[in-house]
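Here come two complexes built around subunit A, the first alongside subunit B, the second alongside subunit C.
Let's turn to the complex of A and B:
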């Protein structure tokens, strides 16, 4: 098993740019870490989860559905010209990706999503590279390659044939991981606290058991300013709006992320609006991930990545709300 | 009785690509509603079942879900009864015979006529709800031998706002149906001699229903459901004997855009036709 420095990995990713459209965590001039290309800034694998949801590479904020040209010919997007490689998924992000893969494939296969997802290479990042050196949970799968930071170098763990073939091309001389290193890292990962996951589980149970009264949702809703940040940050949020616009003589049908926290999200042309009150929308945001999706998919669809809590200006992200639920209604 | 009705589907390479279809006739139903008769290309059939919907597309204006208002037993075309209520439907109302629209679908669950076979049917619709109900009524009209006694109840705000007025007369004359109509009010000096004046719920108490043998189907504006269901329950009907078709805002029709979610169900995928016991207790369903 190889170990590589950040510089060796940067060289490796750069060498793959002829074959792949490579997205990696980079640090911009202002210090922000984003998913971007190597030309945008230095590779920034350390620092924890990327604020932007990495699933957005496959389900971007804007996406073309089709274009109709001046001769009224339809142009549908096909598979991307170069397959996509995304580096930077945390273990929780990989759980999210696994879910939205299922979401977009079951019942009807969403070809727009799979035009990007099919043939892609997903690289996870874990180990001692969290924010302020915190240990990030090892995924142990659900990606092609996982880069597990041991404090000095990244252990390169391949889980798929594609991942093994690619990692063989990584140049990292004298880099074999010492015996016992992976076991030590795995033990460290297994020992991570699960307080947040436990809280979400308990809150889910309480909601499903009908133990959370209506006035609680009224209370939480009164703090929501409908900024929609929670939805925009969530890797398992998949709602979208569709609209047509004219562009250079062509008609473009686009889809764009939508938010269930907006008043008009469910409003029908008749004026009927099943989520016309903020309380209904706040309830939906939490209930959907922790109760409705348990019914539909057999599991919660909050993977406890924490992004909604990071961005919510009024501190009513998933973890905060679930903590209140558990404290008040257990 | 099974409560899940699997949706029919048309597999295409591109899920969101509409098929160009021709409008072959346009007819005024009311000042606000028109009936569009549409043909698929190359003589194809839409392949729908009663109660299903399509995604109607007009380039530059977008796409919206519209219930099919005609029965698959009427071959060679399908019909849409559409109120001018939004951007897309406003644009549609400006189209005429020979114009093209885009169609995706059919989508969603349907009135499962195989499960309804041999039953007495109580078909209750209000306002625009008669459009999807018409697909089932026409089916029953064409194959009355498959069902028991069929009763049609229809309510509208005023006599002039009733949809499919010629059909209402035709169905009332048909030996296949027992029809009862109501209007909420009659404005000015007008008169209404084809039924009752009052809400549609006034039509239910006088009905003689063989409770064990009857299935009720309800399609109407959101406010109508709970009052009609309450009247049916007074008659002794249970949630296992009541079917509803619900309307929701939808952008995709295939369970992806998220707008039509009713807790764990998607109205486009698991509905729009539900057995009442599937959705009772779900927040915001009715």
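Let's turn to the complex of A and C:
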């Protein structure tokens, strides 16, 4: 197994830009880390999860669905010009990606998503490169390559044939990982606390057992300002709104991230809304991921990435709410 | 993909985010800035959707000139030549002050500076104003009189340092969402919250006291608090003695505002007055936050002065977690004021009536005979157009047909003009009346700066090209100036304009672009070495001693009667912004609130047989509009509330063009109305 420095990885990613549309963690103008191109800023693999959901590379905030031109000719959004290579998924992000792959392919296959997802290369990041040097859980799969930081270099672990072929092209002389290093890192990963996951599990059980009363949701909802950030930052949120605009004689159908925290999300044409109260919408946000999806998919669809907690201005993200549920209703 | 760090175009909080541009140069999203001092990686729903209107097919993309009654496409040369010729003709025939200019709180500081310079240096008139007249002109006048500086005294971060917060006339979680959430978090952290507002706004859920006073009785309420504070020995005597003047006069005026009399005027209880007074005065650090509920009255300046009086009486000025904090409603309404888009001051609030100031600007701009008379305001300019004394109007990025009170009056006034120019990003009811319409770039298509409510000057950066032939506002104005024979408005970039601003504007002296590259600075910032000023009036007021400026209670201009038995108040909702030009063209925002609506209390609705979501007619002495009833106890019985976002149900058909005598701000918050089902 190779070990590579950040600079060697940067060179490696740069060399792949002719064949891939490469997204890597970069540090922007004011220090914000995003998934962007190498031309946007220095490579920033360290620092923990990317604030924006990484699944946005395949499911962006705004996308075209199709265009109908003046001659009524229909043109569907097609495959991307180059396959996507994206670096920076955490173990939790990879769980999210696995779920939305399933979500977008079951029953109705979302071609717009798979136009980007098919043929893509996904690279995970883990090890001692979390926020303030914290250890990030090793995924151990679910991606083509995982870069596991040992404090000095990134161990390059390939899990798929595509990942192995690509990582062979990484130039990192005299960098073989010493014997026992991966075992040590794996032990460190396995020893990570699971408090947040345990809290979410317990809250899920309490919700499913009907132990969380309505007035609790009223209390939480009173703090919701419907900023929609929880949905827009969540890697497993997949809802979008579809709308048409006539532009330069063409009718363009487009889609944009939607939010179940908005009144219009469920409103009927009559104006009646079965989820017309904020309490119902707040309840839905949590219940959907921790109870309804357990029934539908056999597992929760919150992977405990923590983004909704980071972006919520009134501290009612998933972890915060679940903590309150466990404290009050256990 | 490309990301461009810029400042939000909606409220005055000053959140920053990255605009995401795709390979075709089109905006496709927003990503919050993780490290911004105010937004901290968070945004409200309008911020998240701020990219979505820019590509809307309605954008103005080519100059339009009215020919044979119709607006038809024209070249930039034709349109600008016509404007130069017609404005000159009007001035030659009727004098310099027969022309007025409306600048814009949506445009950059640099563009506001260019607009006011154009009006003064080229057209030799002080008839330049902007929509701050309609929102915070009372603040500028009231706080300038009491403190010597008409702006938010403290910083947004101070909210979390306050022990008690009095929120009055501000629906903060809807209008300044990321400030509103800080108030919620402060309460969760132990701060006391008093909400004095007769609407049951979200913050009321968290308040220790929610005081639902009668609209328009603000002065009485604040005087009542001060009466109790003085009577019970809760005033900060040391502060009063060392930092203020005029206390005896205040004491005399508030003497009459016993809890009982105050309660009678405000239709609350004496206990509420006493309890609120004790809560506010008893806090170590108490802060006042207000907005349009205070300012938009015929006694708006008195309201603001009374807030200032209360803060001084309790020693809550000049330190963190305190202060008088007007929240500015637009992205750059603070900056438009700072840069002199006002009829009485140049940039930095330097008075046009001061000979020395005029001499300074004449030298800096290379002109002579700058006018020394105070010009027309937005509101008095409309009145002057109606009475025929104003002949031509140049409107940049404003929509008076929707935003000004008494729409029929505004229409009559604009139709009477000999010549109307409107420069905007979308067609509006105002562009429909124009003789020339000029297509402008929106916030995402230009460089410059905005100044947030906390006086923070921040960068705005170009993320994509304007559509069609649309141009940046400053470029258009500079081109017009050249046609008028003046080269002093020729700049290579907004940076060059800011460099000039820093030379002639003491409070902006240290605001060079390299200094505000990542994090903005708060004025006053007089030189390159100055770190900016998070808290004003530390140790000394801008005017030296703070001046207690007591006010007597004056009722609103138009009160309910038998014919019009309701009090109608107007404002904004969370999802839309002002006249809706941008938010109604943003898909999710438009979907949230699609129709004009009027809030009516369930008791009134029942009595009048009005049903939720059913159409009603709301009428006043000025006209009537159709809206959908929203039956809710958010309003108190006898009160109605409407937003002014909807052209098809324009609340400003109804509002009263009664003005504060000093600030000339209209009384949007109180007029007499009736409602009936249709």
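In this section, the second predicted complex is superposed on the first by the 330 of 330 C-alpha atoms of A that agree within 3 Å, B and C clash if a C-alpha of one lies under 4 Å from a C-alpha of the other, contacts with A are read in each partner's own complex, and residues count from 1 in each chain.
Convention: contacts are C-beta pairs under 8 Å (C-beta built on N, C-alpha and C of every residue); 3 or more make two chains touch, one makes a residue touch a chain.
As the structure is a prediction and not an experimental result, all values here were calculated from the model.
Look at A:246: by the touch rule set out above, it reaches both subunit B and subunit C. In the superposition on chain A, contact of A:52 is made with subunit C only, not with subunit B.
When the two complexes are overlaid on their common chain A, residue A:118 makes contact with neither subunit B nor subunit C. In the superposed model, A:232 lies in contact with subunit C only, and not with subunit B. Touch criterion met: A:314 reaches subunit C, while subunit B stays clear of it.
Residue contacts after overlaying the shared chain place A:258 against subunit B and subunit C alike. By the touch criterion stated above, A:327 is placed in contact with neither subunit B nor subunit C. When the two complexes are overlaid on their common chain A, residue A:222 makes contact with subunit C while staying clear of subunit B.
In the superposition on the C-alpha atoms of chain A, the part of subunit A touched by subunit B in one complex and by subunit C in the other spans residues 241, 243, 246, 258. Subunit A contributes residues 65-66, 68, 74, 76, 103-104, 107-112, 238-244, 246, 251, 253, 255, 258, 260, 265-270, 272, 274-275, 280, 283-284, 287-288, 291-296 to its touches with subunit B in the complex. Here subunit C touches subunit A in the complex through residues 1-3, 5, 16, 18, 20, 28-36, 41-45, 48, 51-52, 55-57, 173-174, 177-178, 180-182, 184-185, 188, 202, 205-206, 518-519, 574, 587-588, 591-592, 613, 628, going by the rule given at the top.
Taken in their complex, subunit A has these residues touching subunit C: 28-34, 36-37, 40, 51-52, 56, 60-63, 222-223, 225-229, 232, 241, 243, 245-248, 256, 258-259, 262-264, 271, 310-315. Residues 9, 13-17, 59-64, 83, 85-86, 89, 221-222, 247-249, 251-252, 254-265, 269, 283-284 of subunit B are the ones touching subunit A in the complex.
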